[in-house]
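Both complexes below contain subunit A, partnered by subunit B and then by subunit C.
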Partner chain A sequence: MTTTTITTVPTTKSVRKRPIGFYIASTWLVLIVFCAIFGSLLPLPIWNEGQYDYLGVGPFSAPGHLLGTTNDGYDMLSGLVNGARISLFVSVISVTVGGLIGGLIGITSAYYRGKFDGAVQLIFNVMLSIPNLVLSLALISSFAADTDTQEATVARRMTVLIFSLTIVIIPIVGRIARGSALQWSSKEFVLASKSMGTPNLVIIRKHILPNVAPAMLAIAFLAVGSVIIVEGSLALLGVGIPGGASWGSMLATGRNYLEFSPHEVYMPALAIAFTVISTNYFGDYVRNHLDKRESKI
Partner chain B sequence: MSTVIKVEGLSVSFATPRGELKAVRDVSIELQEGESLGVVGESGSGKTVLSRSIMGLLPSTATRTGKITFQGEVISELPKDKVRDLWGTGMAMVFQDPMTALNPVRRIGDQLTESLTVRLGLSKKDAKVRAIELLERVRIPDPKSMMRKFPYQLSGGMRQRIMIAIAVSCKPEMLFADEPTTALDVTVQAQVLELITELRKEFNMAMILVTHDLGVVAGHTDKIAVMYAGDVVEYAPTRELFANMKMPYTEALLKSIPRLETPTGTRLPVIEGRLPDPTKNEPGCPFANRCAYVTDKCRAEKPPLTDGGNGHFYRCWFPIGGAK
Partner chain C sequence: MEVIRMIAKRLVLMCTVVVIATFLLSLLMWILPGDPVQMMVPNAIDTQRDVIREATGLDRGIFGYYWKWLHDVLTGNFGSYYLNGGTQPVSTVLARSLPPTLQLICYSQVVSLVISIPLGLITAYKENSRLDKFISSIMFTLISLPSFAFALILALVISVKLGWVDPVGYEPFGGDILKHFRQMALPVVSLSVGLAASYTRLLRNDVIATLKEDYVTMAASKGISDRRVLWKHVFRPSSTTLLTSAALNMGGLIGGTLIVETIFAIPGIGYEIFYTIGARQVVAMQTMIALIAFAYVFFNSTVDLLTNITDPRTRERRN
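Take a look at the complex of A and B:
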């Protein structure tokens, strides 16, 4: 034991060799997050203002339009930068809110067990059995549908979209949190803390949560990826955020001009793919890290 | 001296798919202030369940009957949250495996000050000062830097000292030590036991020391209860027990401890056979099948707990040295 202690202590502080994929994924994610936050400050053409000199030009072939323009004359690059903001905003908000609610429910039900746990499990299973696309589609079409007289506003669509995705995330994170919390609740240190008279809420906050958090974080990264995909699918089905704002909506609009300007489809598609791959990679990385830490105990 | 804990007719059973498992059967013990009791027995004899059931730490699958009085208050009938108020400040437990009884992701200081702030209501600053004192008290070198360490950076002996420091942090009147040295190296076992005894005397705590090693309890307890298959089969003051052993089971346990003076090549005597199935209620003495002195009476009828004088109780028809 003492020898492992000596060798492991310095390595946790010093730079550990990380796989190349880690650097690629983190660079991409940092770039996307940067675009999402500071995108409007970049010296780019306004994303939804047509430039009629160039219509549907491919990438690297028009001055001032690095990635070309759409068939309507919108700048691709600024469209993608703006799309990053919308796509990330939708996915990060829904995953954070859904993850917090789901995690809270999962952890408490695993800790207290009994009837409450049984009911929670039943609800989670029912929620998981509904295909998430169908659920989102149903919610959006009933609460934020276009009517004959007026189109649904962007804000309303976005609120309902985020709400429906949050509902999808709750049981996913909740089940992972419950499983992990179940395992940690049966550990002896929980009993030891209980035997000192520590209240349950303190035990949950100080003993269970720090141990469950890595598993929740891993699944949250994976969830961000899938939420971006769901958002894109909804846009393709015609119930996305109107006005071609998000990556999914760009895809949906570009689909109509596939034979004239294919880059209008593959640009946002690539952006989605890279982001999803990166978040998945990050999720796996966090989870592997967690395993390493667990094996040390 | 006042009675700290009095247990009368305590039985514990678990509902299992194979039927009711009786882990502890009709056990009665009493401890005065500062007094210590050693509970000895092989694996599965119910000694851990006994200590946990007295404290009320059993899972909900367990059913407990009997009367437990702590400091003059009957706690066996109290609601769970009232009993919980006694944990830590009234009674505390040192667990068997210090590797799993500390949270791997929290610093020693945080775990040590937890009960001080939550249970005693100390401020963070005071709790820290108190925690460092406690670490000094359990002879941890450089307690200040120890506060910042994580459990994986410590050896088993160190961790068990931390566990002991946590257990005594709220000055309980009653300490349960559930095989506190089993998971430790032989070299640190003696030190840890010495430390527990020292703290017990300093804080005037009553203690129940659970172990499977008769040698461990010999020097550190006032009384000994030998358990077999959920029964207390022999209960006596420590000196009396070793001087005047009545139960064939206790004798067999003592014989199976390796000794230096036995000639090389001698086989270590073991107790042949196994514990009886705890879900079955067979007649006769539960030790009958493994006993060297077994008779027909032993197989037919279960012996009652007999008073042999000098506070010595035993559960045998034919005690060693004859009945009184």
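Take a look at the complex of A and C:
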């Protein structure tokens, strides 16, 4: 009798009931993604058009500007909505591209082992030995610096930003993918498949990749969070996307008016914080479920 | 014998990583459009440029330049900043900027360990209680908070609104000691919050695992008080991950201090690196980044080696 209750109760509970954080995090992310995609259709003032009747007004105190305005008279809410688009665009693209490249390299190196694996590990170690922020700072200021004759354009800055963040992501995802693939490629079913003469690429595609994918998804969620943070840091250092477009650059602009209109700093800071908390939550959530699944095997 | 071989292997790997990293930096500088000397001293005349080109080895091609840089660094010549007026050796800048950064890192580590050890033990001991859930969710939130957001909000509330400390500035340890700690408080807190939160989580997980060991049940059944069991029997075996991660952070934190140092205008390594990259001092930049990479790899390998030697279980697991 007792054994049945012990085995059944926890499983039903863990499948049916999701923690409240799950709902909060997913609501926020859905909201942000919605703003990023349909933000331009919302009935909001244009984000970088000065509303000179209201300069630096706090939240909830100016008609038509729900979250107040910046010191330049830009509407905060539409700034945040536009920032969601830029920040998400930058982080999702760089994490997707970096994750795919890193995952591919990691999985193949773990599967084939040998010299190739050694070289890949060395390269990953080299890339990881330079802190994220320093690496992307160096890349951006080399490729998209303002020279004396011309200022780097927004598009160029953004391309280089995405490019350098992608490079930062590759070893992070790659190492996780490698570790996970190493574990899976020593499993019996892979050996069995090999002995039946299945081509290596088919084994990787059908047996290794599906098993490694959840771990990569988990790390990708965490990576989106850290990319948003790095983007914010770069903007604060003055090498992000200029003109207050992303959350980070809103923060960087608002920092100059910290004393007069603090909401200009804490609103984008909160937006960044909520998004990072949500993506971290999902990363953890996926990873915990992964552990459960693996312990069953 | 095996230990010596292990150390030798690590040393070779360590040097390889740093050499490749710095070589890639030189290569990056080389393939970029534009003359590096022109970038460093945009307003110099041609003869000055030739002198600089000669001094840095930039006239010898990529390999010649790299070889000269490596040779110089190994013999203690860290290169120079080439400003429009003259030169300044990187070693002077390092001597000036290392102490603030090291202080910042050490204080942050101490503060975050002091906070996280009791919290980690208590949350694990009361696993799934209301207290645990409360503390753990706060910690989860704090891990995700970017340190710059925290730094800016602290600067706003503590220095601008309350006026307890100056918003920016640094006081050396040798000077007014009280002022030193007061000025360090905000940067240290903004760095420690995330660290403390992640340490708490690490320790909590390990302690929960240790609490399930038989010898803990044994100790408890002997009638030893819970507090004593926790500190004497549980804490030490559970602290490996925590200490490893703390040591690993020593290298990584040099990069992490960059943003905090810039916000609070502390003249440390991070701030100098930012300046160096901005001023396009390619040679100095290479030395600085080599230093960080070396610190990171050094702590990484040392920790790895120490855990290998002290805890033979990890060695077996790896082989």
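As a working rule, the second predicted complex is superposed on the first by the 282 of 297 C-alpha atoms of A that agree within 3 Å, B and C clash if a C-alpha of one lies under 4 Å from a C-alpha of the other, contacts with A are read in each partner's own complex, and residues count from 1 in each chain.
We adopt the following convention: a residue touches a chain if its C-beta (ideal position, glycine included) is under 8 Å from a C-beta of that chain, and two chains touch if they have at least 3 such contacts.
Values in this document were obtained by computation on a predicted structure and should not be read as measured data.
Undergrad: State whether subunit B and subunit C clash or fit side by side on subunit A once the two structures are superposed.
TA: Verdict on subunit A: subunit B and subunit C fit.
Undergrad: For A:193, select first, second, both or neither according to whether it touches subunit B, subunit C, the two together, or no partner.
TA: Once the two structures are laid over each other on A, A:193 reaches subunit B alone.
Undergrad: Once the two complexes are aligned on chain A, which partner has more residues of subunit A within touching range, subunit B or subunit C?
TA: Of subunit B and subunit C, more residues of subunit A lie in contact with C.
Undergrad: According to the stated criteria, A:276 is in contact with first (subunit B), second (subunit C), both, or neither; which is it?
TA: In the superposition, A:276 contacts subunit C only.
Undergrad: Calculate the angle at subunit A, using C-alpha centres, between the directions toward subunit B and subunit C; round to the nearest 10 degrees.
TA: Here the answer is 90 degrees.
Undergrad: After lining up the shared chain so the two structures overlap, which partner does A:137 touch, if you call subunit B first and subunit C second: first, second, both or neither?
TA: Second partner only, subunit C.
Undergrad: On the overlay, how many Å separate the closest CA atoms of subunit B and subunit C?
TA: Superposition on chain A places subunit B and subunit C at a least C-alpha distance of 11 Å.
Undergrad: Shared contact residues on subunit A, subunit B side and subunit C side combined as an intersection?
TA: None.
Undergrad: Across the complex, what residues on subunit A touch subunit C?
TA: 21, 122-123, 125-126, 128-134, 137-139, 141-143, 145, 148, 225, 229, 232-233, 236-238, 251, 255, 258-259, 262, 265-266, 269-270, 272-273, 276-277, 280-281, 284
Undergrad: Applying the document's contact rule, which stretches of subunit C touch subunit A when the two form their complex?
TA: 13, 16-18, 20-21, 24-25, 28-29, 32, 42, 137, 140-141, 143-146, 148-149, 152-153, 155-156, 160, 252, 254-256, 258-259, 262-263, 273-274, 277-278, 280, 285, 289, 292-293, 296-297, 300
Undergrad: Could you pull out which subunit B residues touch subunit A in their complex?
TA: Interface residues on the subunit B side: 55, 57, 84-89, 92-93, 95, 97, 99-106, 110-111, 114-115, 118-119, 152-156, 163, 166-167, 169-170.
Undergrad: Taking the touch rule as given, give the residues of subunit A at its contact with subunit B in the complex, in rising order.
TA: Touch residues, subunit A against subunit B: 1-2, 5, 8-9, 187-189, 191-199, 202, 206-207, 210-211, 293, 296-297.
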